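By letter and in written order, the chains are A, B, C and D; residue numbering begins at 1 in each of them.
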């Protein structure tokens, strides 16, 4: 059994890590830290875990974490992980960071979107944890920059098609819709029930911090600068993210060939489910699970491809993909601890 | 007081007409018909109207309707209105039809999307009831084909910009999201609470019947064939529709000039609210009202305009615009009976 | 036109007052104050009011309020109104306070549930604003303690039956369920969307501050101490409150006589709708309106009466009843500005 | 591996059985039948199961079921199971029936609430499947009448206290609130999204068919006729049921002793979680799981006990308890296949 710890366990992504890791057959969850809830039993904060998780939260201490855990998940707001991940790595720990701090290989790109980077040395060693795409590098990494939820939903359907040069990058538009849990447990008027319920709107139009993250990865795949138009929207629901992507095809290509391109790229990868029939994917079919369901339709009038993907923003978009990356790093079965069946309703 | 009747009063659009007409200062609601509920007090079907609406439903009879009403709203599934509107018109009634039957001037376009048209003669006389755009023709019409909800949300923001040749029509993508009430009160598994709650998905991708309706109107405005890519999605909420439109600008143009184009087109039209600031419109700000709120952002990297509109699909997208059209036809103030303040939450 | 002001206009109850007063035919809304948003246009905070409400918020100043308004609504957290209402009254203003500060005639009862009372002198003059019950006293009052939402939903169905001695007070149990907007716009983890969505639970079981308020009024009606068991629950919805009350009947009594007792008490009062048929009232039939719908069933096995009431917690449970009280104080029609038709869905 | 079949697999309870059984470590799911979807792959009806469940639905045939399965779950509307369970039993199968058909030992009680019973002979052999209460009898049964969701939520908290004679049966009131999935996948206007969303109401007040079921079991426990007042309500959410029970205590008893009574009764039973602190249980803490969380508060003014329980109506209230009963019947660990961790949000 590998010993694992979660730093920042009481936010939503942290708590979701606890859910997944507490049921994982090959790891022992040994330490949970919290800035706010030191000393409080975790199940007092999340009574769902009563009788399931016996640990109490601890205030973060590098010594305690290093003593108790071999692999550390950091689920903190960006900027904080930079301050502790270098120490963890220096002490021989493997780290999977769920913030943006280790997602960019180019510190300039990070700094343009976030803030000054204080651990640039590590950026060369950290690997972008898009599990199905960078599997080999993840297997050998000791620091993972775990992808954002929006980038996961945009990149997974697009990467095979861009690699195959089937779509024209300058025409890509990604229209995403996210459940509210993506905003986390931080207090803000915009996250109040009464502000979200029976409401739908765009936000940070063409200005979301996840856009440079997507563009950096897509440019790497394409071997040239890729710029996309990205508009996130807020859904009146808790978990779930849908992205509809519009892109002009570079040439006439049959539906079967588009399916074949996607299916070949993700062959043998259990968490990617591609619909052959044009049936649009539905967020509820992936809720609580690590699946990414992908569908597509071609609008032949304009030779425009319409790609649709759905994920659970807290699972494949955060904690689930992080555990998948851990599995890859440890040489476990990719699906270990992640093979729950989705709810029918 | 003008006497008005609603044929098909017990569907959601019909019931919304009853709500708006029962509070209208210049009309008397005199007859409600229903295929299912003949003889049943309307307030037994919708107890919200207890103490407000005293009428009982009647089984449809052309004689009863013509005797009791001067203006008739038909809120029936498409195909049924074709069978009765010609008779109503022949007997001197003004008709506002909420189905698709009288929205197309070209019967071929209707027949391609729906079914054989049996009242083609009337198509030349019927007017597309997009209130702010075709006001003068509406004022003199005796048959109105009231617009669909999706077309209303797509056309209102686009028409001024297409008329001013600021956007390139072939690049237009409309990504719409609708509340469930748009599907009406008909029984279907897809409309069950447990199927929709905490769920989000696209449907009828690039294949919705409202697309030809939009294209017919946009082509008329542009003076050339306009084809767009249109993808509707289903929101886990009751009322409200948001459309995000992507289109390449035909030339470099300042944000102020885009605002000016929209503002000039809708000058003096109370129900169109255009945001100058880029703040995305939110469906909850229009719920229960006849407003259409419009916002926009330019993605300068691609010279791509992002337009956003929100309406209440049952009001501006159906019953409210129908009442607005009646007001225009009767020479009343456009806002009569429609000046309710939206809820803050 | 009477000039009215709202002190504390940016909370949910305050904003709902703005909605109702801005559409009221006999008043002019002249001043809105806010502790947080001085100088900000009200429609920037609640864009729903764009084009409807032109006022900007002001930081509270007693002079400004007194200069601009004849009637003042105070919609502040309890304790704050005590500090300003005496001044307003001293300067000849009529005040309708939506907090608990002026709901109790006995300062001890207030202090047991809340905090030290610093304006006890006014308690003798203030009137409990349960509009249909204390109409005459309200008509002559210059300070109204506007009822809480839970008490309104419990008291309206119970008072006629207690007055008629049809139920045994010691057996009364009130099981209430409230939408989240009742918690207001204050930041708290418990009010976050992700904490409430798809969740239902009791809270403050037999310990809610509204219980002494109910008991004080019921005791006054009964002429003897009345203690009830009251359990509030939180509903995953925004507006709406349902209360199911259980009480043993004091004697065998026919359903018709129970209906007659309720109907006689509320004869001529438009906002109280009593169901004769046993059909349980539904919160959606009163949403956005000032109605209180009441239904009942007798469980003959136990001679136990089951009463059900529904209100919109922000309207009849707060701002709507406050406006109704203003109407009564000004000698206007009770329904002025409050005669909106509920939504069918 | 035991071979299991689900008759009626496409309703919500049936699909939930498929979810739980497909992930169960000790059984093979070998046959799914459906009246509507013969020949259709199960994952086409519920795409959530794509890649998880490979079976196609079959039209029911007693021979096929008996050939392929050792244990059969019947998840059909009441009345249908009576027609097939006797045959299954005659052919040596163990049956767990989720309808009401085998819940009553007294056929008269069944017939008063439902319809004529055509398999009365089996009633003497069938066991009421309240897993924690009738464990021993379940272990030796070959027909289980699996409890209804409401009875499960009412009986589990009440039975220990009634057995210990701590509450006065004639004073019991149970106020229950259920998510919509309890109504199943059958088409009805009342189950449409737009009818339920942002709505809350009681239904079948003191007249629900589950009430005789509860009373039969409680009477057996008490050794005397027990009649309760039961009022169900419909919640605007999908899964989850909360019941608040009010009952007068038979004598003064400390909170600790109430806790001890409950804790002793359920000692060692993992799915019953009892709160010692008075913190009310929340439906979201049990969603998707087989837990029943119980809390209580004493209203000392009236010596009235307030018990609260929450379950997932589709799991502990239906499919989960059915699987738990199978585990008991097969001598497996009670929690096999049911040990999923709940979601934190």
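What to note about this one:
Operating definition for what follows: contacts are C-beta pairs under 8 Å (C-beta built on N, C-alpha and C of every residue); 3 or more make two chains touch, one makes a residue touch a chain.
This structure is a prediction, so every number in the text was calculated from the model and none was measured.
Ranked by distance of CA centroids from chain D, the top chain is B. By count of C-beta pairs in contact, B-C exceeds the other of the chain pairs B-D and B-C.
Averaged C-alpha coordinates put the centre of chain B at 45 Å from the centre of chain D. Centre-to-centre, using mean CA coordinates, chain B is 36 Å away from chain C. In chain A, the residues that reach two or more other chains under the touch definition are 12, 181, 194-195, 197-198, 236-239, 281-282, 284, 345. By the touch criterion given at the top, residues 12, 180-181, 185, 187-189, 191-198, 236-238 of chain C touch chain A in their complex.
Residues 12, 15-16, 18-20, 22-23, 46-52, 181, 197-198, 238-239, 270, 273, 275, 279, 281-282, 284-286, 288, 293, 314, 339-345 of chain A are the ones touching chain D in the complex.
The part of chain C that touches chain D in the complex is made up of residues 170, 173, 175, 177, 194-195, 197-203, 205-207, 227, 229, 231, 233, 235-240, 242, 244, 246, 278, 280-284, 287, 295, 297, 299, 301-302, 304, 306, 308, 310, 345.
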